[in-house]
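Shared between the two complexes below is chain A, which pairs with chain B and chain C, respectively.
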Partner chain A sequence: MKVMRFNMDFQENNKEYVFFLSGELDLSVAPQLRLALEPIVNKTDKPMIINLKDLTYIDSTGIGIIISVLKLRREIKSSFVVREVPESIKRLFDLTGISGFLCDGTENPV
Partner chain B sequence: MKDRIDLHIPAKAEYLHLVRLTLFGIASDIGYSFEQIEDMKVAIGEACNNVILHAYRDKEPGILKIQFGIDDQGLNIHIKDEGISFNYESMINKSTNVHEDSLSDISIGGLGIYMMQALMDEVEVRNYHGTEIILTKRLRGS
Partner chain C sequence: MTTQQERVNHLNLELELAKQVQRSVLCPPIDDIHIHIDAIYEPSHELSGDFYAWYRINKNQYGIIIMDVMGHGISSSLVCMFMSSLLQDTIKKISDPERVILELNRYMNRLQMPNKLENYYFSAIYIMLDTKKKTIEYINAGHPPGVVFLDYKVALLEQSCYAIGLFDNMNVNKGKIKYRNSIQIMLFTDGLTELLKMDRKIDIDTNTLTNLFLDYKDIPLSEFQSIISNMIHTNPHQEDDICFIRISSKS
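And then the complex of A and B:
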């Protein structure tokens, strides 16, 4: 039985594109996350959401992916929202300074 | 009293979770708080990422050696490889976090170094036949 330590669940409705990330986001799964985000990152028709409520671990490669998405979405003037950030992950976002750039969709900083 | 626990893994990302697991086991036994353990898991992950990404570039993945040193101050973690020496001095100048002006030129490698330094009490780097990163976190008074 192979254990999935990281999972991505993509949902699309008429309002937004949402990626639910759960488990541990480290170097081993970063490439597969990038691949999954790629087709959506360039879409300007709807906001792009990443929901982290079940994420238990992130490292600099994961934060780097979020930064890349942030920059790209800014460039194409499209909305990017990071929702339900767990406290332990938020600590890392605060530490690295990325918190100031992220919105949780309620116009409040993460 | 000093004890040492060694973990040798191939320098491949798929084994990173074993490093976190071992760290969790040792650090909880010693009595670190949940938050301290979370910090160490990220810091050790960053050090290992550097080995996996850079030490054996263009060669067969080599060995990543981790030594957990336990003494009465707490834990010191040695992350060693035998590959291309990691030029810490040049990287330390790129240690960076994200602030208003830098979003456009953030260096992700620099972010990893920054995180190690912010999450541990001490970070030491030695270069000889490869690279050794020593991460220290005191059980009390950090």
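And then the complex of A and C:
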């Protein structure tokens, strides 16, 4: 099985904080992702975006991180959006039952 | 002074003991005049995030649950042990699928640590089987569908709500299936599908799985266990825990 390395790119512009995730997000890279998200997740001045366009795999730990960000952003009444969810990952979100909270059309999920 | 090697050895010993504790709380098979329930359980590491339990509620009713806690290893197995301590009372005293799932969700939401960017949750299927009325009532909380063979037909136990522990408020609607003669139910965690498809990025469809279960539904469970064990040995990339439950009614 060929494993695609997990990669992360962060971009900040006038409008939003955006994380681009690519490759395979699983238990082994969860600490790396948490560390990157931590300084941004409590910022209330701009919406926070996670773009999954190039993500090829996510496991339950990865889903747990995204849900925890969603809850934390709700608590501080700040916008959080998951963008460009690939079909295979959308199916997993559907199975876990969280698509309605994360996928397209949830620009204001609070 | 303890050397690093001694600390590693001690930790390995502790993990081995913890694994035995975890195995010891799994329910033994039920094989009575109404029903036969048994399982295959293959943790990937020393400790598992997969778990199952079943209890006879009264003369004709049985409550059965399979669950898969996110992640694997020590923290997932602790969540399993926490839930296992609640399951017997919850299943025997509450029984009704909707109320059982809501109760488990209430407990799970106590465990959360949002500031750590960690959200513990688990997927599960809970079934209440009534051998007198010949019905099953079930909830699938974000879990791969269970496969049911009844009166020579096939049905799927598909999702009723999201996984347990994700959010405080949960809408649950139980499904109901009635059978005339006999029923056989196969429940599994996604470690089994990952093993069968060899590559975690490829989806395995339910038809393929149903056909596979059709081949194995009547063989002794120990034979299916050997097939799975062989597959695990030939697939060094097996990363997830595997759990499979087979419930067969007796006419």
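One rule holds for everything that comes next: the second predicted complex is superposed on the first by the 98 of 110 C-alpha atoms of A that agree within 3 Å, B and C clash if a C-alpha of one lies under 4 Å from a C-alpha of the other, contacts with A are read in each partner's own complex, and residues count from 1 in each chain.
In the analysis below, contacts are C-beta pairs under 8 Å (C-beta built on N, C-alpha and C of every residue); 3 or more make two chains touch, one makes a residue touch a chain.
Values in this document were obtained by computation on a predicted structure and should not be read as measured data.
In the superposed model, A:Y57 makes contact with both chain B and chain C. By the touch criterion defined above, A:T96 lies against chain B and chain C together after alignment on the C-alpha atoms of chain A.
Within the superposed three-chain model, A:S88 lies in touch with chain B and with chain C [touch as defined at top]. Contact with both chain B and chain C is seen for A:L27 once the two complexes are overlaid on the shared chain. Within the superposed three-chain model, A:K71 lies in touch with chain B and with chain C [touch as defined at top]. Using the contact criterion defined above for the overlaid structures, shared-chain residue A:R5 touches chain B, although it does not reach chain C. Looking at the shared chain after the overlay, A:E38 reaches chain C, while chain B stays out of its contact range. Overlap of the chain B and chain C contact sets on chain A: residues 24, 27, 57, 59-61, 63-64, 67, 71, 88, 91, 95-98, 101. Contacts from chain A toward chain C in the complex involve residues 1, 24, 27, 34, 37-38, 41, 56-57, 59-61, 63-65, 67-69, 71-72, 75, 88, 91, 95-98, 101. The part of chain B that touches chain A in the complex is made up of residues 13-14, 16-17, 20, 35, 38, 41-42, 45-46, 49, 52-53, 97-100, 103-104, 106, 108-109, 111-112, 114-115, 118-119.
Taken in their complex, chain A has these residues touching chain B: 5, 24, 26-28, 57-61, 63-64, 67, 70-71, 88, 91-92, 95-98, 100-101. Note for the complex: chain C touches chain A at residues 68, 70-73, 112, 114-121, 123, 141-144, 159, 161-163, 166-167, 198-201, 203, 237.
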